[in-house]
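Read the structure below first, then the notes.
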């Protein structure tokens, strides 16, 4: 038997198709990440131009999603991937949807930024928004890194961080509700902020979903719909 | 590097002509060798057929013979011995003298020499044996055999140098030509050649005895070598363990096939005649010897046929739980049968043409009787041919060529049989 | 430990470890090797224990333990020369016909050790039938092909019984409709796929308990292959099936459990779903994803 390298597929084309898939996914992740940064920035600085940029990028993200889906279909049709390859294709296919949703949420924030910029006064809750925005961005960044490195630990961290984000969101919400109760005139403005916070929280959920897919990709374990503790327990069993 | 580098196709084209020429030459060599072979075969066949066809015909003189008791010296026509011993040549001679209107001792002798009186006498004897009562004291027409010198002369009439002419005097030549012109002396198919046994006289000699001898030989050979050969092949292929002993046996079988056939004759002489004391010159012993000679061929071809049975068929049968014997009998043997039969027939054809081993066991003797069984002394076709060719008489040479034709026909029939058997059995599925 | 290695192999974007080759892994596993996954089952029809097979001095199979459950389809996959066919042929002692082949170990068909030299192979092969790689119908009629097994085992006393067996077997093999009007024409005149189904009909005509299939579709076109696979699925209702295949997709499609052989060793046995989505062993992973083979 000659020396065979089990790192690589016998088929170079198959290899490069899978590499392309990963590259495309990470690129899309990069674009979406930038969208989040821009969106949060546009809210924080009432920057309409940046917000507009986020909205235009949204079309790019949609196009990328379709391209990746197409690539997945092609690989399934031509190569009938199995095992880790199959898990890669499946998880990328699912995660792409989450990435696209993240893009959508970012667009929502951007739209809100435009709406807020039209009214002059600075609404309450911006600091929370910025704070949450930074954390959400961190989580998305970690998710993409975890994917690039097939890093399960990092993915688990993302899931647990998402819980932190959820708590922060709750706190911010409570604060804003109190604020609105104090002065009902603030309600319409605060609602915009709430929507933005809500969007950020959703982004965190999507990142968490992607992380679960990464765990499936690497470990072959379906860890969806579990608490972080259960997840860690299951991972340790393996 | 001023030249533009040649493209592949240019390089290919450059040598293309040379390659085509080499191709043609190569084909030519093959055609030449086949042509040479065909030429040899053609030469052989024209030569043998040209000579041999003469052997099938003979010249006959239409004679009116008076079968009177006195000359025949028969007193009692119911007495078989008298009929057998009657003086037939006497009546024939008398008719000959009458026919040629020969007068005087010298002329009578000349006339007598033109006809094979004894041979003609046998024809008459044969007729009387069947129906003496009606024929005795009547006149009958008989196509009398001419003397073999006359036949030789007449068959070569047109040839340069007029071979055989010097044998005759003026009177005889005149008679011969008159008889030919009168339509009384004719060339006819010599049925005796097919019906008679060997004889000292070429005009009476036939191949019946040799053909029957060969038939009995082959019968014995087939009955012995086919079952033994096939069983041996089956055992060696299907049952025998593969070890040094079976290797040794295999080598020996292959070597036996290459042993000169005369050695088998010696073996037969030593074992069957000297040791077992079987009667010499018989097809039985000849068949034993030829079986020994044919066996290796049959074993080798049968083994090849068994080997050629696809292993998938064997596996299928084993997979269903068939025992070894069932696999062999139900599947291997039927599939190998065409090949085995072909090998056997080719082995038998070889045996048919074999003469050397038969020499050693006395089947080269002069045996005029037609054998009626495997224990009667007999000779075989190739032996007969050999003996006739050895004979100085020109008439026998002709017969030998004719016998060769018969032998060839038998060989062709057997080979055709082999092809047919293979086709027929194989085509079933 | 295995999973770690696998993570590295899969993550070839960032992985910078030296190339892992099939040979190095096989070497690592040469001394202490253990089949991963689930080689045993509760309702075993056949149980193989400590199987070693030698061709002369060359060892072809190393210490294999495997159960084949009742009415289960077990697929055996692996690169060429990995011993999967050899192992399959041990299950009805077809290796007996190869002189230089020596088989050690216990093969239990239910409670009987079939590798016992005293055991008669004829009844064994009536219980464990086999379908071969190349369709190999006998050069006889379709009817005689199917009737051959029942005839030699004396399963039918009367002609009508035999007719019934033939019809039933052809029905089960899904061939009856196609050949019922030409039962007495040669079986070799059928198409490749029909021939293979005829061979399956011939095998089930003796009502075996286990059917061994040695790459049954390797000589067939995809449609014929699909029909055979459908047939395997139907047969698994009543028969225990062990199938060797070169097509991983086929193993994935037809089998309940998949066994992966590598260089004469049974590397992994697992539920087919698991093997094809998340195999335990890196060699299995490498083989089924097409990284060597």
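Worth a mention:
Here the chain labels run A, B and C in written order, and each chain numbers its own residues starting at 1.
Throughout what follows, a contact is a pair of C-beta atoms (placed from the backbone, for glycine too) under 8 Å apart; a residue touches a chain by one contact, two chains touch by 3 or more.
All of these numbers come straight from a predicted model, not from anything done at the bench.
Averaging Cα atoms per chain gives one point for each, and the point farthest from that of subunit C is the centre of B.
If each chain is reduced to the average of its C-alpha atoms, the one that sits nearest the average of all protein C-alpha atoms is C.
Per-pair tallies of C-beta contacts place A-C first.
Measuring from the averaged C-alpha position of subunit A to that of subunit C gives a distance of 47 Å. In whole angstrom, the spacing between the mean C-alpha positions of subunit A and subunit B is 101. Work out the mean CA point of subunit B and of subunit C, and you get 60 Å between them. Residue ranges on subunit C touching subunit B, taken from their complex, read 92, 94, 97, 99, 121-126, 129-132, 134, 136-140, 148-149, 152-153, 186, 188, 199, 202-203, 206. Of all the residues in subunit B, the ones that touch subunit C in their complex are 241-242, 310, 312-323, 326, 330-331, 334-335, 428-429.
Of all residues in subunit C, those touching subunit A in their complex are 3, 6-7, 9-15, 19-23, 25, 248-249, 252, 263, 275-279, 282-286, 288-293.
Here subunit A touches subunit C in the complex through residues 1, 3-11, 14, 19, 22, 79-88, 148-150, 152, 218-221, 238, going by the rule given at the top.
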